[in-house]
Amino acid sequence: MELFVSSFLNVEVVWAARALLLQGFANTMLLIAIAVPLGLAGGLLLALLSLTPVRIARLLLAVWVDLFRALPPLVLLVFVYEGLPFAGLELGPLGSVAVAFLLNSSAYYAEILRAGIDSVPRGQWEAARSSGLSALDTLGWVVLPQAVRNVLPDLVSNTLEVVKLTSIASVVAMPELLYQARQAQSVTYNASPLVAAALIYLLLLWPLVRLLSRLEHRLPSRM
Amino acid sequence: MSGWELFLFSFLNLRVMAEYLPSIAAGFLLTVQLAALIIASGLALALLLAVLRSLGSLVLSFAIVLFVDLFRAIPPLVLIVLLYFGLPNLGFTPSGFVCTWVVLALVLAAFAEEIVWAGILSVPKGQWEAARSTGLSFFTTLRCVVLPQALRLAIAPLTNRTIAITKGTALGSVVAVSEILAQASAGVSFSSNPSPLTLGALAYLVLFGPMVLLARRIERRFAWRH
Amino acid sequence: MLSRPIIEARAIHKSFGPLKVLDGVDLVVAERELVFIIGPSGSGKSTLLRCLNRLEEPTSGHIVGDGIDVLARRTDINALRRRIGMVFQSFNLYPHMTALGNVAFALRRVVGLRRRDAEERARSALALVGLADKADAYPAQLSGGQQQRVAIARAVALEPRVMLFDEPTSALDPELVGSVLRVMRQLREGGMTMVVVSHEMEFARAAADRVLFMDGGRVIEQGPLDCLFGAPKSDRLRAFLRSLERH
């Protein structure tokens, strides 16, 4: 037990590594601030593109989305980080993460937003357009608000996944929370910085998980 | 070399691909084993937890919710790294394979338990009452009346979540599991050519592509009926 | 009362938190008797019915069903429930089983019949309710009236000593009510002991031995239907009868 406490819950070690961990935390927040809006914007764009009546466009979107559902995000990230420089495209850690997350997260967000837009009755478009609203205003003020509300649990859930996924940036030497914790661990031969990183993620994301649980258990009953 | 030739030479270099095909094939087999273990043990544990939760014991439910929240909130890679680099301090040295398996199975169990539990909750109370009023026991009712309906509702989100988490086998590359990505990455550094990564990405598509297509079909077939 | 009681419930109390739903109800049902329970919504009549096979646990009181203490801890409640059939307002058929599967399931699982025997008995129960030709249909393919008749067959197939009906026709379109009531009449004529919570006064007039009027968790009046309706003693029953006439 003592051994466990000293090697996993060692406050002194964590305190000594505080500067590393804080910097890691700041970088993780930076990654979140980049990855989530980027994914949402890309997803919205793809979802809107899929509204075209052109069948082939919708099929292409489905293939695109399925491609990134099947490909592990870490494989994508490593491909961008290690592979693209061979084609003369050196993006560096942050650039690689941004590109990989844009591709991966936007596919998931697009699928969710499309389902949301589909769930808004056709009559809403017609009513808004017949009152003289432009297509853009109809989309932004009438359809999207309802669409987002209808798929809110899925949007929150996907955002939670994107936030957690930022930890894979450690693999391409981006000094985010996990990377810094691992640095501290390898210097001290003590796992406490890693436990601290896990706890920071837990504190950051627990409220989101609770919220999600409440949203998800409000499922429609069938009778 | 023109741009197109450079692209082919770099990313679709058949000679390099042929050279690393055997090692990536070995990585593929290992990934399949890892994925199968994660899916089987994760889903079995999820079902067990959902059944335990339906017993209605407050203490048990609280413990299950705590477990679920923990494994939903902490990134799997953090947990894998923590187990792999932390446990040796206690005198255990689990392989990267075991660490990845255990963590991803627990994460899958946490997510899947929530989905199955939501399914159980959405089965109308009248189904329980009708079954119990004919003398069926709690467990027979759960197993033969409630769970078949709950799982039918849960199957689409369950397959999607299973794919998303099982793809995490690639995280094993961080803790020295020679799965597809690790083999491909090693190939890139030996050959100074990224074609092994293309091959690795293709291997992942071969593994998970059919599962994604299956998920699409299931989604259409078992869509929520309001 | 000539024959021995099949159900004997004494001083049943049931509270949900601060809300008293049953406030000391007595109910004795003799063999082959049909007791009809009426009352405004929220009067506790459904809760009383659900206490009789312990779908609800009474807060206090005694219930003897077919000679067995229903509320005793050591009572095998599953064996007892098999002998107390119940039919619900919302049918509650298992949507993933056929009509035959719905009826045969408890025969196999509770009675322990072999598949062939269970299905044979299930088929004759379905024939009894006039649905022999619907054995292989799933609930979603049946009308509400047909679903409710399958639900009756499901209960009847277990050969219960008494059947409880909880507003069996309330969820049905008016034109489908008749088919369900016909099956209930037929059961009655076959000598089944029944406790029926319902608003179908025509059925009560034709088939009930005794009518219970409940309000506010108590039995206010009881007796033969003509006495109750012809000369209501309490204001509450008079008010209830007036509200029925308005519909």
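Letters A, B and C mark the chains in the order given here, with residues in each chain numbered from 1 onward.
In this section, a residue touches a chain if its C-beta (ideal position, glycine included) is under 8 Å from a C-beta of that chain, and two chains touch if they have at least 3 such contacts.
Keep in mind the model is a prediction, meaning the values are calculated, not measured.
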Dominant chain pairing [most C-beta pairs in contact]: A-B
Closest chain to global C-alpha mean, per-chain Cα centroids: B
Where subunit A and subunit C are represented by their mean Cα positions, the distance between them in whole Å: 54
Distance between the centres, which are taken as Cα means, of subunit B and subunit A, whole angstrom: 18
Subunit B and subunit C, separation of their C-alpha mean positions in angstrom: 48
Sequence positions of subunit B contacting 2 or more other chains: 124, 126
Where subunit C touches two or more other chains at once, by residue number: 90
Shared-contact residues (touching 2 or more other chains) in subunit A: 223
Complex contacts: residues of subunit A adjacent to subunit B: 3-4, 7-8, 62, 66-67, 69-76, 78-79, 82-83, 86-87, 160-161, 164-168, 170-171, 178, 181-182, 185-186, 189-191, 194-195, 197-198, 201-202, 204-206, 208-210, 212-213, 216-217, 219-223
Residue ranges of subunit B touching subunit A (in the complex, touch as defined): 6-7, 10-11, 65, 68-70, 72-79, 81-82, 85-86, 89-90, 114, 118, 121-122, 124, 126, 153, 163-164, 167-171, 173-174, 180-181, 185, 188, 193-194, 197-198, 200-201, 204-205, 207-209, 211-213, 215-216, 224-226
Footprint of subunit B on subunit C - complex, ascending: 50, 53, 55, 78-82, 84-86, 88, 90, 92-96, 105-106, 109-110, 151, 154-155, 158
Residue ranges of subunit B in contact with subunit C within the complex: 124, 126-127, 129-137, 140, 144-145, 148-149, 152
